[in-house]
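Multiple structures are listed underneath, in structure tokens.
Okay, so subunit A shows up in both of these, paired with subunit B first and subunit C after.
So, the complex of A and B:
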């Protein structure tokens, strides 16, 4: 993984953040600096260094009650042994049936990238340890206030306006920008991966599908990103793509925040493409040079082509965002990924400085999904849609759930 | 106190003499029953009103008490509040000092700081009271007053507001008590009158001879009882209404809750920073727009690659960053900073509240 660029925090505060492997190194140096710990405990004697370190990390945390369980992971509420008042979420990843001989890709990706990225809008990974049966445990930041999807769906109980949308989009944008700036593609941005901390801060979670930017000529899979938030290039089977895929997802989240229902919610990949054509316009060589060369590109009838929608269309649909906001939305939902704004350009857009000012995070509407909701969100595997939403593809039956 | 009138010097006096004879003109209360004594906070020498008029009507003059000779002005003469002039003087000084050093406990970070401040002020006051380093102390007091004029004024305003609030509250309470008393008195009167009426009615009925005496007595008793209960409930209701009215009346303009922290005037909001204060800059290299390399040419031109949005420039940026990014990064420094950061984690007091069963009464940080 890339080493850190020099990331300096605003000079007004003296915090300096740098995303490096310092986290894992620190765990090591900490434990090495007090070897008496390891040597005094009887079972620690004669173990390999790696095992001893693992035991030490493991002993620092206590699991409390279970918050949620899925086929992929179990989420527990936990705390530091040294400080019972601390609150943490411990995500125990089950030994996967598909990867009997090792860790599942999702787990590896999640650990790999969360360890690198340290940003207020990205869920913090405090430690990793393995418990018995080689189960991997991730100690994550505790985010008790549910997720954005919950707020979007509760149109009866929760009302919000442009200022709130702007605040949430700002936090999401910063998280994605930080990922991209560190050459990480998230590849699963959707409202229920945006968890809300106790202070109202939105945090990007679930890095199970993340990967670093690809080298030239190295293909990537296009089977990523939950369908409703998947950009057209992935639906056309592009194997070489960039941060623009995350920007599209952010665009659809932006639209969903305003509409309060998913913007383009297709039942199948074909349906999804159809909906995108209807909502935004048909991708053609004119508006997207080279699109026909993509593996999965579908030839559209000249007659059936829908021209790319103009600003009027967006204004009528997303008028509450104001003309400047619509301008941003349009550039995030551009069909051609090269014409889409980057995450940096998104944050540089003049929408952020125009009225209304984003709501302060303390004043954002809260619903309090409670710890259970966090359990729900974290147990999911990347790309999955919850039951009752969209795809109903049966996952493999898992009879091992009860005993693990 | 040295400047107080000499008490033990002259001939023995009867107790109470001091209050009855003016030390300046020697006229006594016996001759002038309406005699009033005044003091000037300059020297606290007591003299009667007519002496003050006589000596100081034509402008400032020296104090007539032997050995004093301070210049006094008529305007500053006033009646003494305390019998003991020592106390009178002390209270005056304390009031003056407190008027200048009127900082409030909320302004201090900790109780210790507040106590230290109080001690310092007390030292100063004590010096003035005891006449130790008076010049020095006065200078200090003046300097402080000049420096902190604005603050002093603000605090004074806050205090007077508070006093007004308390007073208003007391007044409201007194008013309520008065209303209650009045209502009780009216009630009693009503009851007595009704009883009287009932008795008269009974007598009338008996005189008219409607039924026998026992039934009549019972009937009237019942009526009286019924009336009195009805009246009592009505009275209760009206009393509650009155109380509510007083409450509202007092609460609306002079709303005050004790034990609240004063809201600090929020600093003007900073401009919204979409990047949240983060700046990513490369210290050791410049990124060029185009790097010449034949290996990259195909990736730049192949439609299959570019149409999906793949951008060679990103690859170049990453390659450059990976080559130089580690320079100037010292893991030890980062660990220290990271640990400092960790201390500033999200407080879980609200997390606990929001989390419901998550952890009641928990306080502290996540990590």
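So, the complex of A and C:
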């Protein structure tokens, strides 16, 4: 496959604001306030500025073949009209006929956050336009090389070591740090939401469950994050939480990258908690002050309490990461979210500066999921995974009629 | 990456920040093109009527252009009207007990929408409910459409979502609004920390926490009439008073003026602190930037001009005279509304129907006729102050 698309941004959605403010403002207002007088004569009558801008955006892209279709979206391969060699993914969000409350929350969240977050490790949203029947179309960066889940699962075909894990975790960590720096919680970090670009760069995708940090005292739902990657505080029903939930998910991804199978893969929420107790330790007032006050906290029998695992346990399981890597993993998987490292602390950890150096992205193992895999990954709505695994998914957000 | 760098990547900066001049020119362009649209629509409607009813047009050879006589709204009148419905949106938000961010975002949605749309094309009364509903969704305060619509008078679920698509298009599919409120809370926490001797000055400033705490007691009073603080406790009380006042500004004039278009969230909250207690605000800034820095006078002058704007705000409770003026504008608007865009519920339905491949010629015409009847009926009913009631479902 060629390289990732070189997209020429129009001045109105220029992501790299290099010009001085005054200058970029001048450019911007020009493009918004100058209707093209010539072209507005007949077909343009009754067409407002916003409509015209939308049409202009729409005209710039061409949809090619369909890559995948889900209940929530259809994904197409596309290109820039001006550059047929460019590659893009166009995700058309279906208007759900059963959902009568207008634009769905998933679509709103995805558009809202991707519009704001531009970072090399977050899937780029180049443009949004609507087709005439009020469908939303998201023009996304084309990521043809599948996702991390594919690489993890293919233990026969794909070999990798600590240096590769370090490279992937570094990219994931930077993406999540950037989200948190922008007051955004992702709330659905897992290997198949980590897509791979043609050059090997990992990109965090699927912002359908993302939200801004809550204001103090404003409760949030705990029914987020796919179960295997969900932290104990959410399993206990915490309604006030922080970026620590994403750090836990990253910790489980880290563990999975090393083990090459999911670290704690419960079949139910209860089972998930049980597995966490076994693998990491039983949450108690001693190791997590205040935990017993959480709504969903389970009284554990003193005798059945499993002490928090020490470093030896982790070294025996994740020894390939080395003692420093294990140290990072342990701090990402701390039961008490207040003791868990933040995404910033994660990036400041000494593991990154110790041997081995992370593999350069172009040398990372590739599987080549192909465009179809991207279609599969993108057609899901937030939190959704392929058929058959649906029961393990956090999909019960409390939106009333929002979910069919 | 500094906070400024991050802010510059936001859509609020990239798409919704302006200079005063560019803002004014954008608004006048929108006004002019909407007025053209109104005239064109009236003209074509008139031609249609003349064709089907030649008796009415007795003097056919004297082509009097009905569109020429239409007295369109000025930019100022549009602004007043939109401002009024922003206030209405805030009142509804309060009535529904929505949190500040929902309210504030809804108001900004309206203001942003009417940068590229005119009330002559889309009446703010209809956009208001759509903006508030959309903001409950984007600000994580989702309320079901049915219960939302039931709280507003003369509102059906259909009339709330019918303009939603237009609204999102007018917002250019950017839903994030960066507010000054969180910044203010942070600043107040820092001030309280300073007052309790736990604060720390920014880089390049050498005062210790204790020194800062002492200096704080000596800040001159907010107003000449009020007395100087004598203890750290009194400083705390002073901060709390300033907090309350600044918060009020953040909930009212910061939203209703063009502050969001012209200034950054941090400039807005600092300016509202400036309005609440200028000496305190200056002290705070001096703990961040050395007084000798060339940045300080620049920042202060920006804050002063922003504070000036915030002070000038139209009140959140329009008086009798204002209501009178608004009534006049709305009456005027009644005569210069774009007739093609009155029935948003119908337009929305038609668009969705078209997309499904149904709704060929015959049906369309029938719908158009039905809609026209509906319109005429609602025009007759239009004796209320703010124009006709919302269009009912046609089928």
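Here, the second predicted complex is superposed on the first by the 347 of 404 C-alpha atoms of A that agree within 3 Å, B and C clash if a C-alpha of one lies under 4 Å from a C-alpha of the other, contacts with A are read in each partner's own complex, and residues count from 1 in each chain.
FYI, a residue touches a chain if its C-beta (ideal position, glycine included) is under 8 Å from a C-beta of that chain, and two chains touch if they have at least 3 such contacts.
Everything quoted here is computed from the prediction, not taken from an experiment.
Looking at the shared chain after the overlay, A:211 reaches subunit C, while subunit B stays out of its contact range.
In the superposition on chain A, A:118 makes contact with both subunit B and subunit C.
Judged by the touch definition given at the top, the superposed model places A:48 against subunit C, while subunit B stays out of reach. Comparing subunit B with subunit C, more residues of subunit A are touched by B. In the superposition on chain A, A:181 makes contact with both subunit B and subunit C.
Once the two complexes are overlaid on the shared chain, A:68 sits clear of subunit B and of subunit C alike. Of the two partner chains placed by superposition, only subunit B is touched by A:198; subunit C is not.
Touch criterion met: A:102 reaches subunit C, while subunit B stays clear of it. In the overlay built on the shared chain, the residue A:251 is in contact with neither subunit B nor subunit C.
Applying the stated contact rule after C-alpha superposition, one finds that A:325 touches neither subunit B nor subunit C. In the three-chain superposition model, subunit A touches both subunit B and subunit C at residues 12-13, 15, 17, 22, 25-26, 29, 118, 181, 214-216.
Contact residues of subunit B toward subunit A in the complex are 269, 271-283, 295-296, 298-299, 303-312, 314-315, 317-318, 321-322, 325-326, 328-329, 331, 334-335, 337-341, 344, 346-348, 350-352, 354-359, 362-367. If you check the complex, the residues on subunit C that touch subunit A are 1, 6, 8-11, 13-15, 17-19, 22, 25-26, 29-30, 33-34, 37, 40-41, 99, 101, 116-117, 121, 133-134, 137-138, 140, 142, 144-145, 157, 160-161, 164-166, 168-170, 172-176, 182, 185, 338, 340-341, 351-352, 354-356.
Listed in rising order, the residues of subunit A touching subunit C in the complex are 12-15, 17, 21-22, 25-26, 28-29, 32-35, 45-46, 48-51, 53-54, 95, 100-103, 105, 108, 111-113, 115-118, 128-130, 132-136, 181-182, 211-212, 214-216, 218, 220, 399-402.
Chain contact summary for the complex, subunit A toward subunit B: residues 2-10, 12-13, 15-18, 20, 22-23, 25-26, 29, 77, 79-80, 83-88, 118-121, 126, 141-142, 144-145, 170-171, 173-174, 177-178, 181, 183, 197-199, 201, 213-217, 233, 236, 238-245, 288-291, 293-295, 336-338, 340, 347-349, 352-353, 357-358, 366, 368, 370-371.
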